[in-house]
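Across the two complexes that follow, subunit A remains constant while its partner is subunit B and subsequently subunit C.
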Partner chain A sequence: MESIKIKKITAVWIITVLVLFIVSIVLGILMRLNQGEIIEQSPITFYSNMTTHGLTMIGIWFVAGMAAVNYLMQRYVKTSYTANVIAYVLTVIGVLIFWTTTFVGKFHAGWTFLYPLPFKVMWATWATPLFLVSLTVFGLGWLIWSISLMTQLLKKYSIAQVFAWQHFRKNPKVETPPFILITMITLIGIITCLFAAVILIALFFAEYFSNGNFLNDALLMKNLTYFFGHTIANEMLYLGLAVIYELFSEVSGRPKWRTTWYVALAWNLTLIFILTAFFHHLYMDFAQPEGFQIIGQLASYLASLPAAGVTVFSVFIAVYRTEIKWSLTNLLFFIGVAGWVIGGLGAVIDATITNNVLLHNTLWVPAHFHTYNAMGNVLFSLAFFYWFTNQFTKNIEDGKFTKLTLAILLIGGIGFLLAFYIGGADSIPRRYSNYPTDFTAAAPLATMGAIFATIYLTAILIFFFKIYKGCLKILFSPS
Partner chain B sequence: MQQQMILLVFLILAGITTVVFTYVYASSKKAGQEKQGMSNPLRKRFWFLLILFVVLGIFASVTIPKSPYFLFADETPKKIVHVSAMQFAFILSEKAIDPKSPSGEPIELPANELVEFRVTSLDVNHGFAIYDQSNTLITQTQAMPGYVNRLRHKFKEPGKYNILCLEFCGMAHHGMRSSFIVK
Partner chain C sequence: MFKNIVFTFVTINSWFFANAQTASGIEEETNIYERIYNAPIRVSRNQQLTFTDLNNKKPLLLALIFTKCAGVCNPFLLQLKENLQFINSDNPFTILVLSFDPRDRLGDMNLLAQKLGLENNKKWIFAVTDSIALLNQSIGFYPRWDSVRSQYDHDALLVGINKEGYITKKLIGIRDKLDLDLLISSVNNIYSPTYRLPNKNILFSCFNYDPKTGKNRPGLGWLFIALPAVLAMSLLLSISFIVHNKLPAE
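Here is the complex of A and B:
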């Protein structure tokens, strides 16, 4: 009975995520069309849409990863269905409140809501406190979910086992599955950054209700904002990686991946690097202590080592000169890892302080994070969605049609991203509703971005129609 | 132009990544039943990691000393420009700016001399990005309320330089700009 309920709630998550994803892509396309001077939006509409697009995307791909991890975790430990449902209900309520602030209240401080911008009201006065309420609702639901999953892991595994420390010795008696290790490392990162968000929101509310008697420190608030924002954006990728470690070999018809000493070491180190890499968002704040700036660059570099040396290499070892059963699921995983690596290259380039001076807040920034999200993390989740629906419905795969869909996805994705990268190298600022006339390439590049994003959207719609029918069947079947 | 070099390096690295992934995928498609796999994967993994570590180490040790915080740190600037950013304008002055009645004047700077911009904000976070005549971003810092960021730079070419806001600051963010002359 419990497994049926988890199956159904997972199907509900998938449909919700995909619907919100399609709406958010449309908002993104409208933004690029406005920048390309093809349509005309007021700056307020543009920036409200930008805020909606950013936070919705971060939210949905985070919960998509969580839903996938929750579903697969049932293989090892019993998880709480109630926590899962609470997270879903609070996520939906959070989205409704948040969308009210942006679509109705025209709140447009960006998804990073950098202090003190939310207090310089250029929108309905109720929108700022309501926006903070929506964040609180999200945070509450996600904290309950994360803590519940972590508690279940700790009921079965000791602290040393859940971090796979026994693998540092020869012939460990107990094996910690890679999925458990990565999930635990990721959950710690998630809970830590959600606590940072709690402090951040509390400080916002403290100033809001103080009638001017209490003012926050802008540098501290910015550090908290990016500790939360950067970390959650990275952890959602790691949720996707946990799913890959669990499913890639399985769907490929290969032996299950096992935890070794270097896998354990890599993921333990990742926890440290990921919690300190956020400093790279503050490189251009010269008032920040220089030691933090250097830690930012070193941690950003070091974070790539376990990722490339262990995860990517493991995928290569699994595939290289090995006959495996290719399906849409592992193809999406494989292409997603490539997208993640290429986005990571763009990120490491930008995380070099001397480059950041020339790239910070130019289009290079959306270029690299859209690469590892739209062509990385999204594909990880789509792979899970597809695998999940195929478990319960006989979704016969059409080889040619699959290849065509993937080709559309790749063409759309690459063209859309190239417009960003070229724009970044051309010093074009990000987050401009309209480009000054001296950036002659900016509008044509934006139009190019919109066209290719529409091609990408076409592929996503095809996936949506493949997946949602299966999800509805799961939802309305008695068992 | 450094940005074009960065793009080129990125495209080469992205190209290499694509080729490697395609090659690995193709090798799987061609593989027979005998399951050849990768020989000595642990050794290959070790060398791959070591090379990556050394390359990144070299890169970090070369680039970090050139970070803007350390550039011209031992020199005395010939000219100091105070900058106060506010929604949606920049105020530049050679004199300290009174936040209660901020006012500035047109700025002219000497070429090939060290200039220090003392950048702050009177309201929200802003960016202070300097663009040259070819509209290329040459340096930047942030303007943060309550803090002063000191940006040092030597302008090689005389001419008009534009200042753009690169930190989203509200509905007229894209129109927030100023300029100065280098002679």
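Here is the complex of A and C:
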């Protein structure tokens, strides 16, 4: 009964995520059209949309990963349906409050809401506290969910086992599946960054209600913002990777991947590196001690090595000169890994201090994070959605049409990203609602980005209608 | 000796005057990175230029005054002249002294230049414009005519304009050499780091800056950055302890 409930709530998550994704893509296209001077938005509308787009995207792909991991985790441990539902309800409430602040209150401090921007009120006065309330609601729901999942894992596995430390010795008696190891590493990272968010929001509220008697330190607030923001944006990718480790071999008709000493070591190191890589967001902050800047660069390099290196190696070995049963699921996983690696390389280039001086405030930044999200993490989740829907409904894949959809997705995605990369290499700044005439290539590139994003959206809409039909069947089926 | 005493007296009085003006609500942050109005300016009887003509050659420090000023204008210019003598900057700039009083003529400005001993200094330009309203608007400078005193109620304002014609920084009041250094850097598009000074209301700073020594000491703020990891690890250990010691294993 519990597994049926989890199945249904997973279907609800999928429909919700896809609906919010489509709305967020539309907002993104409108922003690029405005930058391309095809439509005219007021700067307030542009930045409100940018805030909505950014935070919604981060939120939905985080919960998509969590829903997938929660569903698959039932293969190993019993998970809490109640925690899952609480997370869902609080996420929906959070989205409604957050969208009210941006669409009605015109809050537009960006998804990073860097201190002291939320207090420089250029929107409805109620929007700032309500925005902080929406973050609190999100954080509460996600923290409950993450702690619940972690608790379930710890009921079955000891700390040494859940981190796969026994694999550092020869012939371990207990095997920790890669899915469990990666999920646990990721959950610890998520809980840590959510605690950072709790402190951050508490400090924001403290200043807001103190009537000027308490002021925050800008450097502390920026460190906390990126401790939360950078880490959660990366951890949601790792949720996707956990799903790949669990499903890629299975859907490809290959033996299940097993944890080895190097997989265990790589993921344990990843936990440390990913929690310290956020320092690379503060290269421009001269007051940050130089040691932290160096840690930021080293951690950014090292964080990408274990997870990416081991995963890419595993995927490559799985497909190289091997007869694979290709389906849309493992194709999306495979392309998603490629997108993640390309975006990751772009990120490492930007995380190098000497390059960051040139690239930091250019379109290179949205280029790399859109690569590992739109062509990486989104594909991981779409693959899961497809696989999940296929489990309970008749085959929703139909050969040629599926390939065509995938081709549209690739063309749209690559074209959309190229417009960002070319812009970044041309030093076109990011976060401009309208470009000065000095940037001659900016508007045409923005238009190009909007056109290709529309193609990408077309593919997503096709995926959506197929997946959503399957999810509705699951939702309304008696068992 | 007498000259120095008079100068000191005038400067101190003007300092208070300037501070009172600053309190009038005008802020240095307004109109920054906005383009200055390209007003026509007359620098000599035969020469009419525009702002663009001037700032294209060298960045500008624009001082807005009027020659019949009985208040801050003269000490403001004297102090500016004094401070600039001690600035050994390799960064180029021109000081444009412009009258915002429509009654002022070029002759009045030349006389002012002579009084200040700057008539032959090529770094200084004294000029008038017939587009003062538009220029003031682009700067965010709004002098008020006080008919009782027959004087303008205004700030001592120095505006930094870079070679591209953008306002990069404004200084209100009579300021020291350090502030002028920052202004000259800004008009030359050179980044100047700044950090908020210690404040008793900031309890959790990453650093406690000592203005006397110029050194930073680590503050309580760093504990907050370590705290999330400590809390997460404590939670992990606590849950593991509880489920393995109090609950039956599944």
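We adopt the following convention: the second predicted complex is superposed on the first by the 477 of 479 C-alpha atoms of A that agree within 3 Å, B and C clash if a C-alpha of one lies under 4 Å from a C-alpha of the other, contacts with A are read in each partner's own complex, and residues count from 1 in each chain.
One rule holds in what follows: a residue touches a chain if its C-beta (ideal position, glycine included) is under 8 Å from a C-beta of that chain, and two chains touch if they have at least 3 such contacts.
In this text, all values refer to a predicted model and were calculated from it rather than measured experimentally.
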{"item": "Superposed partners subunit B and subunit C on subunit A - clash or fit", "value": "clash"}
{"item": "Touched partner set for A:Trp111, first subunit B, second subunit C, both or neither", "value": "neither"}
{"item": "Partner chain(s) touched by A:Asn434 [first = subunit B, second = subunit C, both, neither]", "value": "first"}
{"item": "Partner chain(s) touched by A:Val319 [first = subunit B, second = subunit C, both, neither]", "value": "first"}
{"item": "Which of subunit B and subunit C A:Phe392 touches, first, second, both or neither", "value": "neither"}
{"item": "Residue contacts with subunit A in the superposition, subunit B compared against subunit C", "value": "B"}
{"item": "Contacts of A:Ala218 with subunit B and subunit C, given as first, second, both or neither", "value": "both"}
{"item": "Partner chain(s) touched by A:Ala287 [first = subunit B, second = subunit C, both, neither]", "value": "both"}
{"item": "Steric overlap of subunit C with subunit B in the superposed model, located at which of 3-11, 75-83 or 183-191", "value": "183-191"}
{"item": "Common ground on subunit A, meaning residues reached by subunit C in one complex and by subunit B in the other", "value": "217-219, 286-287"}
{"item": "Of subunit A, residues touching subunit B in the complex", "value": "43-44, 47, 108-110, 112, 114-117, 120, 122, 217-219, 222, 262, 284-287, 290, 293-294, 297-298, 301-302, 304-305, 308-310, 313, 316-317, 319-324, 326, 334-335, 337-338, 341-342, 345-346, 348-349, 352-355, 357-362, 421-422, 424-427, 429-436, 438-439"}
{"item": "Contacting residues of subunit C [partner subunit A, same complex]", "value": "193, 195-196, 199, 201-207, 216, 219, 221, 224-225, 227-229, 231-233, 235-237, 239-240, 243-244, 247, 249-250"}
{"item": "In the complex, subunit B residues that touch subunit A", "value": "2-4, 6-7, 9-11, 13-14, 17-18, 21, 24-25, 27-33, 35-38, 41, 44-45, 48-49, 52-53, 56, 59-60, 63-64, 66-70, 87, 123-125, 127, 129, 131, 135-142, 144-151, 162, 164, 166-175, 177"}
{"item": "List of subunit A residues in touch with subunit C within their complex", "value": "77-78, 147, 150-151, 154-156, 158-159, 188, 191-193, 195-196, 199, 203, 210, 212-220, 223-224, 227, 275, 286-288"}
